[in-house]
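Which chain is which? They are A, B, C, D, E and F, in the order written, and residues in each are numbered from 1.
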Amino acid sequence: MARLVEYADATAEVRAVFDDIKQARGVPDVNNFWKALAPYPDLLRRTWADVRHVMASAGALDPVVKEMLYLAVSMTNGCGYCIASHGAAARKAGMTDAMHGGLLAIVGMANETNRLAFGLGVPVDPGLAP
Amino acid sequence: MARLVEYADATAEVRAVFDDIKQARGVPDVNNFWKALAPYPDLLRRTWADVRHVMASAGALDPVVKEMLYLAVSMTNGCGYCIASHGAAARKAGMTDAMHGGLLAIVGMANETNRLAFGLGVPVDPGLAP
Amino acid sequence: MARLVEYADATAEVRAVFDDIKQARGVPDVNNFWKALAPYPDLLRRTWADVRHVMASAGALDPVVKEMLYLAVSMTNGCGYCIASHGAAARKAGMTDAMHGGLLAIVGMANETNRLAFGLGVPVDPGLAP
Amino acid sequence: MARLVEYADATAEVRAVFDDIKQARGVPDVNNFWKALAPYPDLLRRTWADVRHVMASAGALDPVVKEMLYLAVSMTNGCGYCIASHGAAARKAGMTDAMHGGLLAIVGMANETNRLAFGLGVPVDPGLAP
Amino acid sequence: MARLVEYADATAEVRAVFDDIKQARGVPDVNNFWKALAPYPDLLRRTWADVRHVMASAGALDPVVKEMLYLAVSMTNGCGYCIASHGAAARKAGMTDAMHGGLLAIVGMANETNRLAFGLGVPVDPGLAP
Amino acid sequence: MARLVEYADATAEVRAVFDDIKQARGVPDVNNFWKALAPYPDLLRRTWADVRHVMASAGALDPVVKEMLYLAVSMTNGCGYCIASHGAAARKAGMTDAMHGGLLAIVGMANETNRLAFGLGVPVDPGLAP
C-alpha cells in the first residue's frame, strides 16, 4: 500500500528532511521508511527529529545497545521491516553473532515468562511495590 | 488467581529448585513468580533452568544489557509484574536514571515507528532483503 | 472505570439478556463482564448471542478444549479479568493441574518461538506454502 | 495457507452470504477475506452478520470514523491485509491525506505513550478512578 | 513502581513543563502520567511537545475523533491507565454513550477479524495491492 | 533476513541436533525454523530440547489439543510462519475442518471480548478473586 516518494519527486519541504537524513547518516539515499512518510510532511519532519534525537545524539547508552533495544521491541511486535532495518543497523554498530544469539534468547524468554506471569496472576513482591 | 506455595509447604522436588534459586541469587527467599510456578513442578524446574542459563551464566552480553532487554519486552507487552521485578534487577545491575530515561525513550519510539511501518506497508529496502 | 449495572437497576431489555444468561449457565447472578456491558444494550445482546453460540452450543470441540483455547488467547493478551473468569470455567469443565501445567508450558513456548520466527524472518517451507 | 473459495465453486449456503455481501456493498465480487472464510460456513455467516450490523448499519458514528477506528486497531496489531482493505474503505468513505496523516500520528503516539504508562507503572488519577 | 514528582518537589526545568501543561489544559495540577515522567526531564519535555502538537493543535480531525482513536489503540494494548485518562478526555470532548458503544463494538470486532485474517493467511486482493 | 543453514553446510554440533529432529519427527529434512536457528548453536539446542519436551513427549494433553493451543497463540500474535507450520501439524494430528472452524471462532471471539474487558475496566468477580 506504500506510496514511496523519491527525492526527484519530493517537495522542497520533504527534500530538506531527506537531505538532513542523508547527511546525518552518511548515505546516498534515504530508506523506504522515510519515502513512505513523505506524503505526510508534518509527520515526516517530527518523526525524523525524534529519531535523530533519541538514536543519533550522544547519551547514556551505547549505540549498539540502543539498536538492540529497538530490535527487541520490533521482534516482540513482529514488525518485519523494522527487524530488517534495525537488525542491519545493530550489526553495523557492532552486534556480533554471539550478541545476536544472546538477544534472541532473552527476547524469546521474556515473551515466554511474561505470559507465565500473566497466566498465574502473580502479585508484585512486597519489596518491589511502590 | 495465583496460588503461592511457600517453602514450608513445598514438596522436596520444589524445595530443591527453591534452594538452587536462593543460592544462585544470594537471597533468603524466592520471588512470587517462582512460588506461583510451584504447583507445576516440571514447568518450575525447566523455567528456572532456562532463566539461569540465559540470564545468570557468562555470555556475550553485559548483565545490565540483558536486564534492559528483558525490560524492553515487558514494557511492550504491558506485564506489570515483570516490569517491577526486572526494573529492580536492572537497577541492581547498574542501570542509572539516565540509562532508564534512554531505555524509556527508545522503547516508546520503537513502538511508535513499528506502527508507522505497519500502517504504511513499507517494503524492505533492496539492500536489506535476504 | 466500569459502571456495573445490577439487575435491580436494569432496563427490561437488559434484564431479558441477564435472565437468559442466568438460565443458560444455571447461576443466580451474571458476572461483572455482563453488568459492565449493560449501558450498551445492543452490544450486550450481540456479545451474549455470540458467546452462547460459540461456547455453549454443541460443536466439534470439547467444552474443556474451548475454555483452554480462550485461556491461551487471554494469557497472550494479558487480560487479567479474562484469565480469572475463563480459568475458573476451564477448571469447572475438567481442566486438572496437570492439564493446566501443559497449557502454561505451551502458551509460554509458543510466545517464545513466535518471536524467534519473527526475529529471524523465517520463510515458509515450500511444502507448507499455499 | 488460505483456501479461497470462488463463487462458482461455493455451496448454496455460501453463495447466499456472498450474494448478500455483494448487494450490500454494490460490488461484483467479494473480497478474499470472505472467500477464505467460506470453508467454515457457520463462521462466515455470523462474521458477515456482525460486520454488516456494526459497519454498515446506521449508528452514532460516521462511516469514515468507523473505518478509521478499524484502521487504528489494525495498525496496532500489524495486520497487513486489514490495513490494506480498511485503508481503502476509509479513503472511499472520505479520509483525506491530511486526515490519514493525523491518524498515523495519533496511532503512533498512543502506542508510544501506552508503553511509557506501562513502563512507569502510573497509577490512575484519583479523579478518574471508578 | 512509579515515582510521582509533585510540583513542590520539582526542578525549575520540570516546573516549566508542568506550568505549560496546566495552562494549555486549564487544570490546577497535571495528571500522574506527567508526574511519573518528571525524573526523566528530556523525555518529559519531548513527550509533552509531541502530545500538545498532535492532540491539542488544530488539524484535520475533530478532537473527539482524536481521543476515540487514542482509546481504540489503548483498548487493543490493554493499557488501563490510558483507557481511564483518554476515556475521560473523550467524554469531555463530546463522546456520548451511543458513540462509546459504537467504538467498543468496532474495536472488539477489528481485534476479532484481524485474527481471522492472520489465521487464514488471506492474501491482499489484487485491486488493493500497491 | 534469514540465513538458512543446510545440513551439508552445518557444523557437527548443529548436525547432531538436526539428526535428532529428523529422527524424532520421521522426516527427511528439518524445517526452515531450525535452519534459521543454526547460526546460534546454543539457542538451537535448547529450543529443540524444550519443544521436544513440551510438544513431543507424553503428557496430560492430546497432541491435537497441544497443536491447537499453539495455533491459537500464533493467530493472536500474527506469526505467519508459525500459523503455517503448526496449522499443518494440527491437521496431521487430527484437526478437522469443523474443529478448525471452532478454533477460529473462539480465537476471534476471545480477542474481541479481551478488548471489551480491557475497555470497560471490568473488576474481577468476588468469587474469582485470589
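Keep in mind that, in the parts below, a contact is a pair of C-beta atoms (placed from the backbone, for glycine too) under 8 Å apart; a residue touches a chain by one contact, two chains touch by 3 or more.
The shown structure was predicted, so the numbers you read here are calculated from the model rather than taken from an experiment.
K.L.:
Return the chains common to the contact lists of subunit B and subunit F.
P.N.:
Common contact partners of subunit B and subunit F, which must touch each of the two, are A, C, D, E.
K.L.:
If you take the mean of the Cα atoms for each chain, which one ends up farthest from subunit A?
P.N.:
Measuring from the centre of subunit A, the most distant chain centre belongs to C.
K.L.:
For the copies subunit B and subunit C, give the interface type as same if over half of its residue numbers appear on both sides, and as different if under half do.
P.N.:
Different: fewer than half of the residue numbers at the subunit B-subunit C interface appear in both copies.
K.L.:
If you average the CA coordinates per chain, which chain's centre is most distant from that of subunit E?
P.N.:
The most distant chain relative to subunit E turns out to be F.
K.L.:
Select, from C-D and E-F, the pair of chains that is joined by more C-beta pairs in contact.
P.N.:
Between E-F and C-D, contacts are more numerous in E-F.
K.L.:
Can you work out the whole-Å distance between the CA centroids of subunit A and subunit E?
P.N.:
21
K.L.:
When the centre of a chain is set as the mean of its C-alpha atoms, what distance in Å lies between subunit B and subunit D?
P.N.:
From the centre of subunit B to the centre of subunit D is 34 Å.
K.L.:
Counting in whole Å, what is the centre-to-centre distance of subunit B and subunit E, each centre being its mean C-alpha position?
P.N.:
27
K.L.:
Taking each residue of subunit F in turn, which ones touch at least two of the other chains?
P.N.:
Residues 1-2, 43, 46-47, 50, 76-80, 83-84, 101, 104-105, 107-109, 111, 113-114, 116, 118, 120-121, 123, 128, 130.
K.L.:
In the complex of these two chains, what residues of subunit A are touching subunit D?
P.N.:
Its residues touching subunit D are 1, 39-40, 42-43, 46-47, 77-79, 130.
K.L.:
Can you name the residues of subunit A that touch subunit C in the complex?
P.N.:
Checking each residue of subunit A against subunit C gives 71, 75-76, 78, 80, 83-84, 104, 107-109, 111-116, 118-121.
K.L.:
Can you list the subunit E residues touching subunit C in their complex?
P.N.:
Of all residues in subunit E, those touching subunit C are 78, 83-84, 87, 97, 100-101, 104-105, 108, 121, 123.
K.L.:
In the complex formed with subunit F, which residues of subunit B make contact?
P.N.:
Residues 1-2, 46, 50, 53, 128, 130 of subunit B touch subunit F in their complex.
K.L.:
Per the contact definition, I'd like the list of subunit B residues that touch subunit A in the complex.
P.N.:
1-2, 4, 31-33, 36-37, 43, 47, 50-51, 54-55, 59-61, 65-66, 68-70, 72-74, 76-77, 79-82, 84-86, 88, 96, 98-99, 101-103, 105-107, 109-114, 116-118, 120-125, 128-129
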